[in-house]
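Multiple structures follow.
What follows is a pair of complexes built around chain A, which joins chain B in one and chain C in the other.
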Partner chain A sequence: MVCATRLTRKTDDVSTEKILLDVSHLNVHFQTPEGELQAVRDVSFSLRQGETLGVVGESGSGKSQTMLAMMGLLANNARTDGQVLFRGDNILNVPTAQLNRVRGHKLAMIFQDPMTSLNPFLTVERQMTEVLQIHQNASRGQARASVVRMLESLRIADPLRCLRSYPHQFSGGMRQRIMIAMALLSQPHVLIADEPTTALDVTVQAQIVALLRQLQEDHGTSIIMVTHDLGLVAGLSDQVMVMYGGRVMEHGLADDIFYSASHPYTSALLASIPRLEHADDELQAIPGMPPSLRNMPAGCPFAPRCGRADSDCQRPASLRLVPEGASDHQCACHHPGAKA
Partner chain B sequence: MPSSTLAAEPERSPWRDAMQRFRRNKAAVTSLVFLILITLVCVIGPWLLPHAYDSTDWDALKLPPALTHSHWWGTDESGRDLLVRCLMGGRISLMVGILTTLTSIALGVVWGACAGYIGGAVDQVMMRIVDIMYAVPYLLIAILLVTVLGRDFYLVVLAITAFSWMDTARLVRGQTLSLRQMEFIEAARAMGVSTPRIVFEHIVPNLLGLVLVYATVTVPSVILTESVLSFLGLGIQEPMTSWGVLIHDGAQMLDSAAWLLIFPALMLSLTLYSFNYLGDGLRDALDPKDR
Partner chain C sequence: MNVPVFPLQSNPPLLQVRDLRVRYRVNDSKGFWPKTRQLEAVKGIGFDLYAGETLGVVGESGCGKSSLAKALIGLVPSESSKLMWFDQDFAKVPIQRWGSVRRDVQMVFQDPLSSLDPRLNVLKIISEPLRTHEPGLSAEQRKAAVIETLIKVGLEKSVLYRYPHELSGGQCQRIGIARAIILRPKVILCDEPVSALDVSIQAQIIQLLRQLQRDMNLTLVFISHDLAVVKHISHRVMVMYLGKMMELGPKNTLFKQPRHPYTQALLDAVPKADPRSERHKSFSLLSGDIPSPLDPPAGCVFHTRCTHADAHCSVQEPTAQGIAEGIVNACWHPLVHA
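Up next, the complex of A and B:
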């Protein structure tokens, strides 16, 4: 496999920066009545302290399943293989009790829909203090004090009243802030945000993104931002991984992806972002539909929708460095290049 | 950043919302008041009345009800005061009803929630046990229990519990299956919350509304089952009594002393109606779609 090459940040001294999360050759299969489906194929990446990885792709690209696999949250009919090293320890396919020592503690996750991510029958206090009671053996009082401090630092007005309330009394943006506060309580090293702003208004989205950026500066948390919105990733990420059909299509530093995208799918995604300066142009939609897991093309999964596809594309393309000899920009395409 | 967007009044729990809706339902509130009253009367009444439930008044055998003598509801063929016997019977029937409902609901909730949440082979085994329990004829087992262990109030509770928890288990399992797909359960797992804690602290509170409604239907059915057992001589024994026993005895003297049937039957049916109306009211009040 070619993808053993690790991405490194150009500007930083590699030796001093710890690799927190190291995923290699992760595969996710689902057993279904119609046979086995592969939702994630040979995904590898690594994340250093304080770094942000943007994972971009359409629905069904396998980006969420990759994250759920890392958190041990896949459905019962899922089978995973590969390796997920979190601070040197494998956390893939380990018993729940062992996983729970890091899950929610050093490796936290926030979900897409804040409207359904909080238990409607428990007060916010009970849900928030639970994390500290479990992972830090904190007493009720201590946990409560930390929660109040956290809510204050997120500039949530009247934290005490907030604690007494039930989830349905809050707006979506507030609930997502509560979810973020909850995920940050035990000061995780890595925060996985699975489409954290998709269900929110645009103005609230901007606030949540600002909040995440602030947190990263304050605590040095590493973030994995899963989204289908390249615009959201642009301002936040150090590295960007583009996924399609369960595979990594292109992976590189954010600048490489945005300014010298080499995979036709990445270029197509970039062309489909609305831009204010070209308000009159029609948006460049990608023709066709993403392939279903049931009939994935034998070769490159993007080939049926790709302008550059030819007979080569009937064979699967593996990740290769682009341009050849580069250290940190990989692309899975038989015809890589800057423009279609 | 905008500050909080809290609703006007704080601490509006889902329970408090339900309470408000419940209070607007007159039939349900009346039923609740009636049930509280009848419980109080059954508990306190026998101490205040001049007659004991098991003492015989030889001057007043089969005395019809009247306010002119001290046996307001009349007496039975052995001259025992019917009013005090109805109240004592109420104590037993309500106690059996409530105690058995509590134990059977508790067992059913734990069983169903565990089976539904853990899933897989555990679920299969647990639910097959439920199926087997359904197939066992409960009277047979009740007779066996009583023959082996003797007659006892708690044995009646145990026997009825053993054959009434399966409905709750199935109901709760179904609800748990849909709850475990909810994002807040996934979020709890992502927080590193352990499996027992998820089941008992995150899933069970979400089941309580459903279970509460179900409990109000279970109480009447348990009271009726107790009557059946007593009727067969397997439940409460003379001179102690229950509504079931009184109705059974009264039915045999319908021609000569109708009041012996009418009074206990009236108390039992009013209680059963009240539980059903209460359950109706609770169901409407706890339905989150009905705001």
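Up next, the complex of A and C:
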């Protein structure tokens, strides 16, 4: 397959590092009363140590389902195939007990809504120490001490009071910081952040992003940042994957995606976001709306909204290297190229 | 399509607000016996709104921007020394007698699905304002008006008998806009109209609002937490924090040369879709969270997070004052730009 080429970060210090996470040909199907729907089609990527992958897409693009599939958290009616190698071991479709050895431990996830992902009935201490008691057989005292250290390192004021409190007593930003602290307790190799700042204000978002960056510098954690906000992935990501209709549309280094986008969807997405730094140019809205899973076009999912679409686009485009692009810049389009 | 250059301020303002306050009674959860406390969500805001302009209102959650919009149209009780819509002062008028304003001032809400009645079809939703304000119309006339409005907001006749749950978020928001414009209002208050939508749909709705503004000579109050969106649609922008106005000014001045440290901090926090500059960005982060509005800081409400604050700021509250043409600022130490 063409997607065998792997993305390398331009700075040499990490490019020699081993691949931590290697996803190949991941498919997710859902069994529904209306028949089988495919939410994720043939997604492949790999992540090295200390690297950040930004996954960008609108709702229904399959970005969250890809992450949930990797974590084994899909709904009961889901069926997955493909391969997810975490440090060389397959973690897709393995028994829960085996998955739990890495899940929440070396492969951790932060969810979008911190209120619904924390248990409202338990104190923060109970929820946070649980991670260490389960994965590291720590005693309550040891676990508590590590939790306090972690909260201190995230600059949370008065960690002891924080431990005694319940989730509802915190603001959204604080809850998200607690979620992050919890995910980091067992020093994961890979941190999956699924829209970690969507529910938060810009100033708090900036704090959370700064925090994630700091963590990456200190511990060399690899991060997968799932978001619809192109601005958020710009500063954080080494590589960026753009998804639409369950498929990867374009995948490359952040600079390639932002400055020499090849897929018309990526260009259209970049042109449709209002930007602070730009003068009053008109927003280029994308006509139409994203396809629903029930009614996915047979060919390229973006074809109905695409200015370049022609009869070729009635059949799906596979992910190929961009002609004359960087060596690791891939695009799934019959008519790739810079903006026409 | 360029935004017309404002100010058109030779005209008399459509709306004049002075010292607007919104207070809620809330339950105090501390302690065993239930007590209620007073929360002041909007603390003395004053501004003018001119015909044909878009006034953007930005601020973090809890800053009172939605309460402000609701108070302007009488959806929540408020107090003010002056609330002059067109030529009538509603400051002392009980909310029950606000009907005449609501005809000319309509509102578009944040969550497109939950602001539409799930048990009404699109025809009934959009024609509801007509039934209220123009009871003389026949069913055919109403239907014709609804179809005309649907076309204006870029929807097809085929959605007429659909229900909200059958429509996408973007379509629902277009229905919400259709409901707001069917009475040909003068002013539309948009409370976070695009924040629940996907990026590609968001741009469509922003363009639709600008289009309608040109075609129908609408005046917009556009509330959003997203500075980039506000920058795109507004002529003038007001920045709010904890119920107070921090800064108000023409868009270009405010975004290029913010005078208030809070405006600067907000602008710095917005991530830009530009990896090269973003990677090397060093900015002064605002520390901490927005303080509880139940327990606002003394003096300047922003002093607890402000990098320019000194002892004076924690004691004396700065008053909003005009510091240059069209610019109002509430800070003891406004930023100076070379």
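Everything that follows uses one rule, which is that the second predicted complex is superposed on the first by the 327 of 340 C-alpha atoms of A that agree within 3 Å, B and C clash if a C-alpha of one lies under 4 Å from a C-alpha of the other, contacts with A are read in each partner's own complex, and residues count from 1 in each chain.
Criterion: a residue touches a chain if its C-beta (ideal position, glycine included) is under 8 Å from a C-beta of that chain, and two chains touch if they have at least 3 such contacts.
The shown structure was predicted, so the numbers you read here are calculated from the model rather than taken from an experiment.
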Mind working out whether A:207 is in touch with chain B, chain C, both or neither, as first, second, both or neither?
both
A:143 in the overlay: touching chain B, chain C, both, or neither? Say first, second, both or neither.
neither
First (chain B), second (chain C), both or neither: which does A:332 touch?
neither
A:171 in the overlay: touching chain B, chain C, both, or neither? Say first, second, both or neither.
both
Using the superposition on chain A described above, determine whether A:261 touches chain B (first), chain C (second), both, or neither.
neither
For A:74, using the defined touch cut-off, is the partner it touches chain B, chain C, both, or neither? Pick first, second, both or neither.
neither
Of the two partner chains, chain B (first) and chain C (second), which one does A:303 touch, if any: first, second, both, or neither?
neither
Per the contact definition in the header, classify A:282: touching chain B only (first), chain C only (second), both, or neither.
second
Dual-contact residues of chain A (chain B, chain C) 171, 173-174, 207
Touching residues on chain C, where the partner in the complex is chain A:
1-3, 60-61, 168, 170-171, 198-204, 206-207, 225-229, 231-232, 255, 265-276, 278-279, 281, 283, 285-287, 289-290
Contact residues on chain B for chain A in the complex?
1, 3-7, 10-14, 119-120, 182-195, 197, 201-202, 205-206, 208
Show which residues of chain A lie in contact with chain B when the two form their complex.
71-73, 76, 96-97, 99-105, 108-109, 111-113, 116-123, 130-131, 134-135, 155-158, 161-162, 164-166, 168-171, 173-174, 179, 182-183, 207, 211
Complex contacts: residues of chain A adjacent to chain C
58-59, 171-174, 201-207, 209-210, 228-232, 234-235, 237, 254-255, 258-259, 268-270, 272-277, 280, 282-287, 289-290
